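Paired with chain B in one complex and with chain C in the other, chain A is shared by the two complexes that follow.
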Partner chain A sequence: MFGYYVSLAIRSLRGTPVLSALMVAAIAVGVGASMTVLTLNYMMSQNPLAHKDNVLYAVQLDSWDPNEAYQRSNNEIPYQLTYRDAMALLRSDIPTRQAAMHRYGFTVSSDDFELRPFSAEARITTRQFFALFDVPFVYGGTWDADADRSPVQQVVLSKATNEKLFGGENSVGRSIDLNGEPFTVVGVLDHWNPSPKIYDLNNGPFNEAEEIYIPFGLHRKFEIYSWGNTNGWASGDSGEGYEGHLQSESVWIQYWVELQDEEQLENYRDFLTGYIREQKQQGRFQRPLKFALTNPSEWLVLNEVLSDDNRVLGWLSLSFLLVCVVNAVALMLAKFLRKAPEAGVRRALGASRHAVFVQHLIESGCIGVFGGLCGILLALVGLGTIRQLSFGYIDQVATMDWLMMLAAVGMAILASLLAGIYPAWRVSRTNPSLYLKTQ
Partner chain B sequence: MLKMHNIRKSYRTDTIETHALRDFNLEVKEGEFVSVTGPSGSGKTTFLNIAGMLETASGGQYLLDGEDVSGLNDRDRSRLRNEKIGFIFQGFNLIPDLNLFDNIDVPLRYRGFNAKERRRRIEKVLEQVGLSARAKHLPAQLSGGQQQRVAIARALAGEPRFLLADEPTGNLDSLMARQVMELLEFINEWGTTIVMVTHDPDLARRAHRNIQIVDGQVSDLQHAVAAAEAATA
Partner chain C sequence: MLELKPMLSALWRNKISAMLIALQLALTLAIVSNASVIVQDRIEKMARPTGMPVEDLIAVTFQPIAQDYDMHGAVVADLDLLRSIPGVVDATHTNQIPVSGSGSASVFHSQPNQEIGGEVSNYYETGPHFMQTLGMNLVAGRNFTPADMRVVQPNEDARTQVAIITRQMADALYPDGDALGKSFYNSNGTDPVEIIGIVERHLGAWVSWSKAGNVIFFPRLQENNFKRYMVRAEPGRRDEVLKAVEKQLAERDPQRVMHIETLSERLERSYMSDNVMVKVLSAVVTLLTFIVALGIVGLTVFWINQRRKQIGVRRALGATRANISRYFLVENSLIAVTGLALGMAGAQIANHFMVSSYSQPALSLPVLLVCALILVSVSLVAALVPALRAANISPATATRSV
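After this line comes the complex of A and B, so read on.
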């Protein structure tokens, strides 16, 4: 009977095109608006490293002001480390892998005179960054081990950068200029663009992944400052110049470790405890001993990637959908009661109340399918508008994947079924004899 | 076939209770053609609705084919209605946006026949009423007489044992009315029990038996005449 009811529903919808269009529009507008917001929330709350939740940890150390806790994070520990702490942690051999990093940028040029120099987002990091975050290589690999501590001018290019500079060829061994200095290409990444950019959430969680990657050991040689957030509490504490910056209490390094099991985790905790105690003896870390190892899922929550505002907006959009559903109820009631005489005939011919109810509920469901499809179009328009208004800031999240498209249709069907329950019930309860005599 | 005993039907509003049927007793035997007459508002249509299980009685007992239907739930009543009863209405009550084939298909769908069986039955009844060539026409493309023949075909498609007709010729001219009446008589000759509500005394006389409903109660005219004749003799 399902197929029969669907054919009746489509015939019925075609029979009253204006009313049907209004019902579809009511559902489509509600679904379109809510899916626009929910898609953003859904994409923002994705965890691209969910598969490493049990082994990957962001490291936080409370090296902050003895007189005042760090207020910007919910656990009152700075999101980033000082340079000297990062360098000290790098000396530990407990983690299976670890990486220190921060955001930077270069002007890139090459031997190709036709290619104009361009500025590129860069990540200054240690060699295990790529293995730590499952970054795929298409050519070559990460740099030499000593590049993390000594100035080795090697570079890894993103796929897009390699395309721009070398037309996508294997460029390993070739040279490019970064800020006028020659660097040798040691690796080229495959396409990789985690969203949110979980390894550095405090410098634009939805920015594109960097275009070039260079070793951590180059700081002193090129006096590299972070292009990302740098927070400090003690001014002029560590001397003048760049060395003073490196030894200061300013936090600007993100730090991640991979710990395979509970034992390794416990050992690393002991190591951090010991390190902080040692620093306390040297006059640093004057706050109560505190550090945190946070896995990717919790890191997203701690960094409030999906803010309370986003959540409120999500609920508001669902409220709007509810208003649309109420409108659809009124329209469906009008349509179904207009068809009550036909329902009376069907009852006389053997349809039970339940059969009449199901028939009309399936008609509601069909309205939902059409409403869902139109809602997807509206949501795509909405997301496109958001992309334009955000000037590329949230391009990666303002897109709809197949799952969300299916969810849109599912939501529309659910909404229209909810809207159809009362009208379908009403028409199934009408007394058929009222219409059979008067039709 | 149909037996009603002390059937009552009343409609209640906030202030008034109207008795449509009271102490209503009737028995219709298998194969009978019974006409039902009576003044407007006497309860004819209420009787027909209760007989067709479109409404439930307020009290009394109703046996259809020996089965007490008074206490059945909606699903069972609908199933019985679909299997045993065919309806013919004054206003034809064809579904306007379905063609003749699909209109006749409606009761067969609820019966659960497969597509092949439905097609066989539809083609058979369309042939019986002489409208095979119009299967794809919409009701609005037919005359009133043709529409009523389609309604009869729809009622017959499920091969019911009991046909309820409510003023089946009321909207037809005399020629078409005669044709429809002849069709009903033909159907009755093949064994279908028919109860027909009519205002037309000529049509009423063509039935095997005529009952009159007055003030919600049955007055069996032929039994009354027979009793009067017996008393005179």
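After this line comes the complex of A and C, so read on.
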């Protein structure tokens, strides 16, 4: 019966090509526009650390100005830590793993091969960074434990950097020059590029992961300032020179911990409370005692990775789809009523109201399938246009996976079925005698 | 005269279809008006004057390969070289690239020893040549002289004696408009910085910042491990100058990594999300209007087909073609006006939500009215073709099949 209804539907759609095209177009445009925007929003809302959502926490401490709260964050605690607080937290052995880090850039050069020197995005971090975020290695591993505190010139390369420098072969033990100083390669990563870049959302949540990874113990040797955000409130509080910067109240270090269970979490909270109390006695942390441990999914929300603009577009595209559905209802009503005589004959020949209803619903479903397929094409065009408008910044995000394609067809069928319910019901109430008379 | 009564009763018989059209128009007005006000806001934002000849400017960022590098010496040599390249108007060092989205800011006060309050400002570390390079308009006071310059190490106490500020910043610090010659201070600071000049305007590093336009220029060169230059080319010669700059800087000192780009490119990137918003919303508005118009055409055609006989009867009873067309147009307007009245209320509610939850601009009455007017016209035009065709139905139709 289903097959018969489908063939009836196709025949009926062919019978009124203009009206059918209009209905398919309405559904297609509605689905195309909303899928373009919803795909973007869906990809932007991904949590690349979802599998560790209940064990990872971003650490925030309120070390800010006693006179006013930190305005640039949504929970009024700076998103980053001062260098001295990060160094103090690193001494705790409560977390299973932890990492302090920030963004930087090195020039990369080498005498060994013909390669133009280039500037590489670097992550200055501590050795557990890789295990903490499940970063896969192809060769070697992280650096030695003392490299987090004393200057050890070791480096971990991203897969792409290793390909650029060493043609992808095992480069562990080889040497490269960073800012003119020799560094030994200790590890090479496999492809890793979380999107959004959840571990550091400061400079654009859809930037690429870094090209090289450098131990945290090199700050003084290279006088490393953050290439991310540095925010301060007490200017010139801690003396001059680089040491003054390290000891200052400026916040520029991101900090993450891994805590396995409630007990460990509680212990760590106690540790942070104790630390802040101790600092208060030394005259720091003059604001009310406040810190936050935020898991990855909440961290993305707190940092507004999905911007207001994206949300506006999301609502707008859904309303757009609604208009298209209303439009399709009106057109389908017109079409079904025009065909009411046919339905009358079918009823007179013994078809139940239910059968007539189902038949027309299937016809609207067919419109949905066609509309959905055209909608996917439109969405692909839409996403392509957005990729072009955004200079490659959101290339990773503006792509449709098979799940979103299925969702598009599903949405189109659902929309057209919704649109078809009332018209199909109306036509199924047709009084057969009325039409038999005029035939 | 307008046959309102029979019209209303006919509409009542087709109430669902009429309601569907009205509902579409209502939703469309709500979407279109809210989208228009956002588009208008973003277009105005992107059209703000930057205070610079953006089309003629080139930005250079470089990082020396070696750790120990004579940054001051390099900057002096580079700038001399840059200014000697044919087609270059002027060049300057700077700590940040204008409108690039990356830069420095701090809080400044008009009184010494202040802890709270103050005015936050974007600041440049640059030199006497910035005025000509960035095409600034000095409205009061004087430019820097080489004697004002300070060369400092990173995080050294870097306060200079003098500064030039934008008029917007001057008005924020000294609302009475007498900022020239006065001083400002860092937070908790006691050392005054004298305001020696005021420039008309400069947008600063962040185009989307609520205080964009608060900008201070310090005559300073910091010897950190990377440096930036701005180069201004003669109008129309930017691309040729860019190539020469790249080549000559690399030749003078190959031991560094350089990145050169045009400022227009940076500006475009900074306005990327606004631009995407404008394009997507405009597309939505156009498509939506088009879809609604098609829907109206489709439905009017259907109604007319349904009423062929009645039309024939009316024509046989003496109604003119104009009467028939007018009938459908008036009917359509009735529906449209009802829908749009609903839509105005809907638009206000939606806008309230947009303003409170997503900090979007408020919807003004003129915008709403203009959008409504456009939609009325669209709906009339959409109904016009079928209505004119209806008038062609021959009176004979009435007699044929009764």
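Throughout what follows, the second predicted complex is superposed on the first by the 428 of 439 C-alpha atoms of A that agree within 3 Å, B and C clash if a C-alpha of one lies under 4 Å from a C-alpha of the other, contacts with A are read in each partner's own complex, and residues count from 1 in each chain.
Simple rule for what comes next: a residue touches a chain if its C-beta (ideal position, glycine included) is under 8 Å from a C-beta of that chain, and two chains touch if they have at least 3 such contacts.
Since we're looking at a predicted model, the values are computed, not measured.
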{"item": "Simultaneous placement of chain C and chain B on chain A, clash or fit", "value": "fit"}
{"item": "First, second, both or neither for A:19, with chain B first and chain C second", "value": "second"}
{"item": "Touching partner for A:413 - first (chain B), second (chain C), both, neither", "value": "neither"}
{"item": "Which of chain B and chain C A:436 touches, first, second, both or neither", "value": "first"}
{"item": "Contacts of A:109 with chain B and chain C, given as first, second, both or neither", "value": "second"}
{"item": "Inter-chain angle, chain B to chain C through the CA centre of chain A, in degrees rounded to a multiple of 10", "value": "90"}
{"item": "Contacts of A:37 with chain B and chain C, given as first, second, both or neither", "value": "second"}
{"item": "Which superposed partner A:259 touches (first chain B, second chain C, both, neither)", "value": "neither"}
{"item": "Chain B or chain C, by number of chain A residues touched", "value": "C"}
{"item": "Which superposed partner A:347 touches (first chain B, second chain C, both, neither)", "value": "first"}
{"item": "Which of chain B and chain C A:1 touches, first, second, both or neither", "value": "first"}
{"item": "Chain C versus chain B - closest C-alpha approach in the superposed model, Å", "value": "12"}
{"item": "On chain A, positions contacted by chain B and by chain C", "value": "none"}
{"item": "Residues on chain C engaged by chain A in the complex (per definition of touch)", "value": "16-17, 20-21, 23-24, 27-28, 30-31, 34-35, 38, 63-67, 106, 115-116, 153-157, 186-189, 224-226, 255-257, 259, 268-269, 272-273, 275-277, 279-281, 283-284, 287-288, 291-292, 294-295, 298-299, 302, 305-306, 350, 354, 357-360"}
{"item": "Complex contacts: residues of chain B adjacent to chain A", "value": "45, 49, 52, 54-55, 74-75, 77-79, 81-83, 87, 89-91, 93-95, 97-98, 106-107, 109-111, 154, 158, 166"}
{"item": "Residue ranges of chain A in contact with chain C within the complex", "value": "18-19, 22, 25-26, 29-30, 33, 36-37, 67-68, 105, 107, 109, 117-119, 177, 179-181, 222-223, 225, 233-236, 240-242, 244-245, 307-309, 311-313, 316-317, 319-320, 322-324, 326-327, 329-331, 333-335, 337-338, 382, 385-386, 389-391, 393, 422, 426"}
{"item": "Chain A residues within the chain B interface of the complex", "value": "1, 4, 11-12, 15, 341-342, 344-355, 431-433, 436-439"}
